[in-house]
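Heads up, the next two complexes both have chain A, just with different partners, chain B and then chain C.
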Partner chain A sequence: MIKVENLFYSYTKDSKYAVDDVNFEVAKGEAFGFLGPSGAGKSTTQGILTGLLPMQDGLAEVAGYNMKNPSRKMFNKLGVSFEQSNVYGKLTALENLEFYRKLFDVETIEPNVLLEIVGLSHVANKKASTFSKGMKHRLTFARSMLNKPELWFLDEPTTGLDPAIANQIKDVIKEKSKEGSTIFLTTHNMFIADELCDRVGFIIDGVLKLIDSPRNLKLKYGQKLVDIEYKDGNEIKKDSFSLIKEEERLKLNHIINNYEIELMHTKEATLEEIFIKVTGRGLV
Partner chain B sequence: MKFAHNFIKDMKVSFKTFYIYIEILMALIFVAILLFVVPENFSSDINMYAHIDSSLQSNEIVEALESDNSSNIILLDSMDEIKYMLEEDRNSIGISISMVDQKILYNVILQGYESQKYRNIIEKSLIAEGIKDLPEYGSNTNIVTLASSSERLSDRLNMLPIFLLLNSAFTGLFIVATYIFMDKEEGTIRAFAVTPAKVWEYLLSKMGVMLVTGLLTGLITTLLVAGLKANYLHLIALLIATNLFGTSIGLFISSFYDSIMKAMGAILVTFMTLAFATTSYFMPSFNPIIIRILPSYPMAFAFREVFLENPDIAYIYSNVAGFTVLAALFFLWSNHRFKKTLTV
Partner chain C sequence: MKKIFTITMRDIVSSLRDSMIIYIIIFPFILAVILRMMTSSVGATTVNIAVDNSIDSTMVEYLEDFGNVETFDSIERVNKRVNDTDDVFGLTKKGLTYSIIQEGNERASSVDLLEYMVSSYENQNLDLPIEVEVSDIGWNLSPIKQYGGNLLIVFISVFGGMIILINLVEEKQENTLSAVNVSSITRTQYVIGKGLLGFMVPIIHSIGILAILNYGQINYLMVIVVILCIAMISVLIGFLIGVTNDNILGAISSMKMLFIPILGSIFGAIFLGSQWHYLLYWSPFYWAFNALNSIILKEATWSGVLLNCSIIILITGIIFALLSKKIKRGLN
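On to the complex of A and B.
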């Protein structure tokens, strides 16, 4: 669904690349996560793939269209949810969706149905300018679903939302993914990426460092650890043991057999820890 | 159809913002000033304060002065009174006539702001009055008017073409940029860019809103000030062509900038340059080539034709055709530029 080869982009049109020789492919029906801190090149890549930024160098094919000269028809297959909500403040939620709906040449979803999905049906006839940041974000998200997109670009879809609404949005994404939509998710939130994506790519300073599934990355880079808290007389002690090293497993066994255990839980490496390990930088 | 949806949405948004109401308010203020402050025709009469020495036959002199009906003669008792009255009434001149050594002495008292040319005319007029009394004097003056059929608009109506030019024709020059940058700021332009709709549909819809605003303000003003003393068919044709031209220039300038603040300098300079044509409109004798090549120059005179009883239809419609073609060219150029810069 997406094919990117030797993609370069420079805002200053010199050798200071915001996207530097990026290569990847996203298969039809796949949920692909693009992970990186702010300024890593995620949004620039998405900008090129959605035609918002012009192609400079390299190859990018989206839904079968070459991004050097994409046809406007391509956008019948695409849905784009922006990180910064962008709706007409002077129009109501319903008017916003009704307007954008009429710009597509394909079958669209009823705006009222979408407002119901994102929990905005009770404010359908209120001006978007009166909405909170989270409500505007949900309206932007709802708009991206209007044309039942085959390829769905989601830029930080849950940022700034309260946990209950964020879970609702995640459920919608999971459902669309199950239905066969291809998802290109741009985020710095590794929990979302871990939960939703079949594969993730780590990008930093415009360079794509690696691509793999979250499971493979955890197996490859993670350590299987057990954190434990136990009583040694009147004293509470904390310790961490590897489940791979024989010596540490024996120590853990000893503690379990001889001490009163207060707390114990397994600890896998998170995507963030793996990201730091691979890139040497944090995700924020 | 997408253009129509865009246009309806833009009309809804524009009626929910204040720009369109400012335009209408401006038009109504202009109408109020024209109707209640500006007279139908400005009076060019001036008062003449005169003092005639008692040794002279003042009746004959007054009669001679009154024969010039461009001024009202007010007789006063002294030179000091003339000076006092001139200070009170700035649209006046004074004259004191006295006999010194058997010769008539004329003292003309002016305000001080009169040009040297005006002073010379006064002096020559007085001499000419003296010459007329010589027995061998015979008038040999013949005045020929080249444009014998030229119509003159009332002073009030004469101001209307300039309002139509600056407020109705050039509405879009300023406001279209505001609408585009408002969309950029709200981010809605990015949302539009990821739909199958085309950039020209977006731009043409903005032009449509500007056209409605321009027509609305132009027609309200004309109807209230000129009533039926205008040819509305010619007026609408001219308003459409000139408004499209003004908006296309506004679009073109906007395509070079990414914020209203950056664009405003270029827009203001363009507007001020185009407004220079008004000087030649009010002073037809001043029409250097630099002003005649401005598009606003023929526009102003074409709008004037709309109010004449016998308008030059060829002149009006050559303007309509010319500015429609120019508007189309600038629109296509703007569209080409915006395809690359709309979301960057």
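On to the complex of A and C.
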């Protein structure tokens, strides 16, 4: 569905690349997560793949169209949810969707249904300018689903939403993914990426460092840890041991045999920890 | 086609919720009303006539082109009407003679006027070129009305472009343009849809202004053609400023710069001797003013109007060629 080869992009048209020699492919029906800290080049990549930024150097094929000169028809297959919500403030939520659906040549979903899905039914007839940030973001998200996209670009769909709503949105994406939509998801939320994505790519400073499935990454980079809390006399002590290293396992054994255990649980490495390990940088 | 209409409809809905745009839409009508009040007090621009049933309906229709006609069913009632405080003449016909009834407070020039109207109506049957004489006497066109209405119409041709501008800047501010850019509407459809208002608004404005100022039976189709041509400039400038600006007030004040060449060319056309008019040939607004002037005076011919329009289109075409690249870039 997406094929990117040696993609470069510079806003200043010099060698300061926001996207630097990026290569990847996303198969039909796959959910691909694009992870990276702020300024890594995620939105820039999505911008190029959706035709909002011009192709500078390299090759990009989206839904069978070469992005050097894409056809307008391509957009019937695409859904794009923006990082920064962009809706008409003077129109109501419903009017925003009614307007947008008419710009497509393909069958569209009933706006009211979408408003229900993103929890905006009760404000369907309110002007979007009166909406909170999160509400606008949900409207932007809902709009991107109107044309039942085969390929769905989601730039931080859950950022700025309260956890319950973020969870709902996640479920919607999961549902669509199950139905066979291809998903290109940019996010800071590692839990969502972990749960939704078949594969994830780590990008930093425009460079794609690594692509793999969350499971493989955990097997490869994650080490099983045991967190433990025990009583030493009257004092409660905390410690954490790797199950892989012999020396640490023995220490753990020693504690279990000689002290009263208060709390003990195993912990898998999160994608975030793996990210930090691989790239040496946090995800913020 | 459907998509073009969708874009236009959205702009209309959005515009009607914008107080600044509402103001822009209403303002020209207010100006026209003010202008009308000024002109009716300046000269004898209208004649009020009360007629009885001895005057046949074609005559009444004819008179209505030049003044306000009230019909009464008897000569007594006409007399009573004439006796009221305002300027009203009575008109009645006995056999072949018309008689004008006046109270004494009417303007002398108005009496001449009515006499002239009656005789020119009768002479009509002799196939005399009455129309021309009627214009020559200039009774219903004081200079303020003749030039004022025309100036107003050319002036407001900019307002359509301004509405486009406001909607475009808003679209940039809210970044909804990006959403449109990832839908399957083409750039051309979008631009046409956005541009339509720039023509619709001045047409509505100019017809409203002409109706308010009551020029009588002028050729509205010619007016519309001229408006369509001259509005192109404003649409173009509206787009250009709209796509390069993120601030509505700033954008509007740049657009207001257009008023300088407009006022310059129109006052030039009014006050410069005709041997100096070539100095204004570069200005499409001059040509529009020129065409409208002959339409208002009922002297216009289609060939004349179309010639002026061609010149306007030519100048606009040159401007478009210079600016189109910039506009296209701004829409990305």
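Assume the second predicted complex is superposed on the first by the 283 of 284 C-alpha atoms of A that agree within 3 Å, B and C clash if a C-alpha of one lies under 4 Å from a C-alpha of the other, contacts with A are read in each partner's own complex, and residues count from 1 in each chain.
In the analysis below, contacts are C-beta pairs under 8 Å (C-beta built on N, C-alpha and C of every residue); 3 or more make two chains touch, one makes a residue touch a chain.
All of these numbers come straight from a predicted model, not from anything done at the bench.
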For this session: State whether chain B and chain C clash or fit side by side on chain A once the two structures are superposed.
Result: clash
For this session: Once the structures are superposed on A, label A:Leu52 by its partner contacts, choosing first (chain B), second (chain C), both or neither.
Result: both
Exercise. Is A:Ser177 touching the first partner chain B, the second partner chain C, both, or neither of them?
Worked result: neither
Exercise. Is A:Thr108 touching the first partner chain B, the second partner chain C, both, or neither of them?
Worked result: neither
Exercise. Which partner does A:Thr186 contact after superposing on A: first (chain B), second (chain C), both, neither?
Worked result: neither
For this session: Could you list which residues of chain A make contact with chain B in one structure and with chain C in the other?
Result: 50-52, 54, 72-76, 78, 80, 82, 84, 86-91, 95, 99-100, 102-105, 140, 143
Problem set entry | For the chain C and chain A complex, residues of the former touching the latter | 2-3, 6, 10, 13-14, 17-18, 170, 174-176, 178-186, 332
Problem set entry | Residue ranges of chain A in contact with chain C within the complex | 50-52, 54, 72-76, 78, 80, 82, 84, 86-91, 95, 99-100, 102-105, 127, 140, 143
Problem set entry | For the chain B and chain A complex, residues of the former touching the latter | 1-2, 5, 9, 12-13, 16-17, 186-188, 190-198, 340, 343-344
Exercise. Taking the complex as given, what residues does chain A use to touch chain B?
Worked result: 50-54, 72-76, 78, 80, 82, 84-91, 95, 99-100, 102-105, 140, 143
